[in-house]
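Next come two complexes, and both contain subunit A; in the first it sits with subunit B, in the second with subunit C.
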Partner chain A sequence: MDQFLQHIVNALVLGSTYALLGIGLTLIFGIMRVVNFAHGELYAFGAYVSYALVSLLGLNYFGSVLLAGMLGLLLGAAIEFLLLRRCKLENIDEVMLIMIGLMIIMQNAELLLWGGVAKVVPTPFAQESITIGGIYLSPTRLFVFCAAVVLLIAFYLIIERSRLGLAMRATFQDRDAAKIVGVNVGSIYTLTFALGSCMAAVTGALLAPVFVVAPTMGDLASLKAFAIVILGGLGNIPGAALGGFALAAIEEFGSGYISTAYRDALGFLAILIVMVIRPQGLFAIKERVG
Partner chain B sequence: MCNRKKLLAVLASGALFASQAHAEDTIKIGVSQPLTGSVAAAGTYVTNGARLAADYLNANGGVLGKQIELVVEDNKSNPREAVNSAEKLILSNKVPVMMGAWGSTFTLATMPKLEEYGVPMVVETASSSKVTTSGNPWVFRISPTSKMEAQAFAEQLSAFQPAIKKVDFLSVNNDWGLGAATEFKAVFEAKGIEVGRSETMAPDATDLSAQLAAIKNSGSDTVIVTSGVEQLTLAIRQAAEQGIKQRIITTGGSFPEPLVKNPGPKGYVTTHLLFFSPWTAEQQAANPELAKAYMDAWNEKGYPFPGLTEGFRGFDGILTIAEAIRLAGKAEPEAIRDALWKVQVKGVNGDIAFHQEGPEGKESGQNKPNIYIVQLKDGEVSAL
Partner chain C sequence: MLKLEDVTVHYGATVAVDKVSLQVEEGEFVTLIGSNGAGKSSTLRAISGLEPVVSGRITFEGAPITNGKPQHIIERGIAHCPEGRRVFPHLSVRENLEMGAYRRKDRQAIRDDVERMFDRFPRLRERTAQPAGTLSGGEQQMLAIARALMSRPRLIMFDEPSLGLAPNFVEQVFELVTEIRAGGTTVLMVEQNAYAALELCDRSYLLETGNVVLQGSAQEMRENPDIRKAYLGG
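Let's turn to the complex of A and B:
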């Protein structure tokens, strides 16, 4: 029973970070139709910002998460403005090549700047875990979970309740119609990419003291993010959040009770099943037309 | 006119002779290491160690009266590139001997080229038994196989109190991790120790909570963990977070160095099988003076301290090659290969000599290195 409950706790914590990763990616894809291969690199970027500020400059971890988010926002806006806007997004091959190129450049820049040795970011919390019964949870992970939930809610409110969110949703549904009613599609694109990048960078910074910071960390993050987005339905924002939790649960329980060797395979097997049975994604309420 | 021609001819031949003499001023040793890619950090440390050994030897007069020149090629953490590096070193740089290629995968990929061109290679890092049992007479390995490590560990089982009764495994899911688990299991079973769960982790996995939760209530008293520095760090930190009560022992020679600066919960102890331990070298090293010379040279260059646990392999590899060249009396591939069988050299890890392994008539050389066991507690490393 303890093991079962421990898996639930682990899955919730891991799922919250997967959800954050997935949401940024699906937002960019849903609105801009850009397959952002550099998403994982923005995650790594956030983690390195946290490392530079906390480990090298001795700043506060919470401040570093905030700053990583802001820098991620700026970097995302810059990428959209400088790289994507110029190619007018008409040719998906070009866009993909740009994003793959960006991924390679960012990863190698990290290697050049920080070296290949993994870096550790000290946690501001106690090392001793909180225990309830036989269930263990480190304070750092608890904080990451709470922060992720707050961010997910804030993100939901931005999309569903704000004027910006309304404009974004309008662009998502029909770009030309949105233009006709006066939505500045160009700046919506910039904001979308900036917001998605910000989510990735914040996730990286949040997780920096939980994991280690290394130049190749973005590869795994990208892979997981794509899995989550496909699981939840491409461009489906609540789907990405739920997809994150679903993938974490599959990984946790699959490796706990079936086999750890197939941990990643089980996640992808689930995706294959979803693709066959519900190609629109596990959490799509109805199929989108157009 | 005639004189002038003669003069030119003399000058030209002189220049030719001079350039030839210049080329033969040094003895080239090829080095194939991953300087970029996923294992760049370790490859860079090994290369640093190799450079220090070359400096050390050159400061003491070089070998056969000539200076040693390392020709370093980046194999990019990629087996295909490892083959290219070897070809370039052998065909273009014309090295008579090589050191490489960091890890079983890159080494196994390189090996056919050694046989094709007839150039010996000293293997400084690789744990797969295949390296020395596949019948390649140009391969001389100084690092231990997983089997040797397991056997050396078995000899020291009594050092663990309370005694080990049941073990679980957490291994990186590749040839190295799975191979190590197999060899250690065989040793434990031979000693009558029960073997419990075998969990694996993908080489790039960062969240190991599911694996650890599965191990937690398995009823074992010890977990054997095999992986690289980063994953060991993650595994130990997450094991502490999840309240894993088992004793953790890591194998493979990697050390979770980040935990020295950022230790886990107070009093949490982990045990590590190392091939060189700079923290306890004074009391443990087989050749303390050489170990000290190596460490001093490393620190003088300002290389990162934790790299010492990897860099010694490059250092020992070059010492071994230089000794073989000295014994051969000439820098020619076949002579060096024959001499490698006679090498008896003091290295940082211990005394290096090769015994035969593999099919008859095509034996490879294998050294029997030392293994050091250390404990890490609250950021302090001590000898077991």
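Let's turn to the complex of A and C:
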């Protein structure tokens, strides 16, 4: 029983960060129809910002997460403004190639700047785990979970309660009608890409002290983000949140009860099964943002 | 008030609007009639800034608005109630109305206007929180019109507001358009139903394959033998 509860706790912590990562990707896809292959690189970008600030400059971890988020926002806006705005988003092949190119550039830039050796970001928290009723949880992970939940709620409020969120949902539902009522669809796209990128970067920075930071981390993050988004149904935000927790649960219970070695493989196997039996996604009711 | 001079719109190699010139005076009710594919919607979309104008000029109240951004066109006071209603299906009725006022900053006045729309359309008030996609076709058309009014336009363009509606709703929609015009808003309406259009409007233009082939007062148009034969059923 303790073992089971331990897995649940682990899945919740991991799932909260998967949810953040997946929502960023599904938001961009839902509103812009852009398949963002560079999403994982923005996650890696956040992690490296955290590494640079904490390990090299001695800044505090919390500040580094905040700064990584802001830099992710700016980088996302720049990518949209400098790359995507120049091409027709309807040309899916062209956009995909651009995003794959961007992924390669970003990954190699990381390699060039920081080398291939994995980096460690120290945690500001105590190393000893907290124990409650036989369940262990490190203070770092507890913080990551709380921060992720706060960010998920903040994101929900932006989408559901703000004027910007309303305009984003309207643009997603009918782009022409949004233009007709006076929404500047171009700036909605910039903000969407910026917000999605910000979420990836924040996730990377949050998790920097939990995992190691290496140039290949973006690949796995991208793969997982896609898995989460597919689980939840493309463009479906609550679906992506649930998909994040579902993937984490599959990985956690799979490695606990089947084999640790197949941890990632089990997650992807689950995706394959979902794609065969429920291609619209596990939680897809109808395709929508919000 | 609104003036188009030799306006041309292309879709790739297709010429949808070919050197169209027309004019709408303040307070007028003008209709664009013509069969399917004549270029009526494209003309309205060009005015709204949704389609690029390749040549020609559009002016509104003397100011050039050719190829203006849609958000600037609506700020100048031109609202567009598009073909097929195009309400935001997963937004609530209230949110749809709020989106209509997207460019306005006067929050209190927007709230009052939403209330006024609900007074005017009691059926919408009953469905305030309901997603617009769940409304009937007629209700969606009411919402689309109310949304267009939310920008407080001085010129409102309707694109086939009666399309696909049950007969009692068709009548209601035309009554509403007449009311809006009586309230001082200038109206430019596209309508395939030439009979109804020519009953209601002051002046009309007939479009065929992107060209204005005939224009005149409603009465002149109604009495024109070609129109009678081709559009009014003899």
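Note that the second predicted complex is superposed on the first by the 284 of 290 C-alpha atoms of A that agree within 3 Å, B and C clash if a C-alpha of one lies under 4 Å from a C-alpha of the other, contacts with A are read in each partner's own complex, and residues count from 1 in each chain.
Rule of thumb we're sticking to: a contact is a pair of C-beta atoms (placed from the backbone, for glycine too) under 8 Å apart; a residue touches a chain by one contact, two chains touch by 3 or more.
Note that the structure is a prediction, hence the values are computed from the model and not measured.
K.L.:
Classify the contacts of A:Leu84 with the two partner chains as first (subunit B alone), second (subunit C alone), both, or neither.
P.N.:
neither
K.L.:
Considering only touches as defined above, state whether A:Ile230 meets subunit B (first), subunit C (second), both or neither.
P.N.:
neither
K.L.:
Touch check for A:Ser129: first (subunit B), second (subunit C), both, or neither?
P.N.:
In the superposed model, A:Ser129 contacts subunit B only, not subunit C.
K.L.:
In the overlaid three-chain picture, which partner chain does A:Ile23 touch, first (subunit B) or second (subunit C), both, or neither?
P.N.:
Touch status of A:Ile23: no partner.
K.L.:
Which partner chains sit in contact with A:Ala177 here, subunit B, subunit C, both or neither? Use first/second/both/neither.
P.N.:
second
K.L.:
More residues of subunit A are touched by which partner: subunit B or subunit C?
P.N.:
Partner touching more subunit A residues in the overlay: B.
K.L.:
Which partner does A:Ser138 reach: the first (subunit B), the second (subunit C), both, or neither?
P.N.:
After superposing on A, A:Ser138 lies in contact with subunit B but is clear of subunit C.
K.L.:
For A:Val95, using the defined touch cut-off, is the partner it touches subunit B, subunit C, both, or neither? Pick first, second, both or neither.
P.N.:
After superposition on chain A, A:Val95 lies in contact with neither partner.
K.L.:
Can you list the residues of subunit A that meet both subunit B and subunit C?
P.N.:
none
K.L.:
For the complex, which residues does subunit C have touching subunit A?
P.N.:
48-50, 69-71, 74-75, 80, 82, 86-91, 95, 98-100, 102-103, 147, 151
K.L.:
Considering the complex alone, what residue numbers of subunit B touch subunit A?
P.N.:
It is residues 36, 38-41, 44, 173, 199-202, 204-207, 209-211, 213-214, 216-217, 229-230, 233-234, 240-243, 258, 261-266, 304, 306 of subunit B that touch subunit A.
K.L.:
Within their complex, state which residues of subunit A touch subunit B.
P.N.:
Interface residues on the subunit A side: 2-3, 6-7, 10, 13-14, 111, 115-120, 122, 127-129, 131, 136-138, 141, 211-212, 214, 216-217, 219-220, 251-256, 260-261, 263-264.
K.L.:
Help me check something: in the complex, which residues belonging to subunit A touch subunit C?
P.N.:
Checking each residue of subunit A against subunit C gives 166-167, 169-170, 173-174, 176-184, 286, 288, 290.
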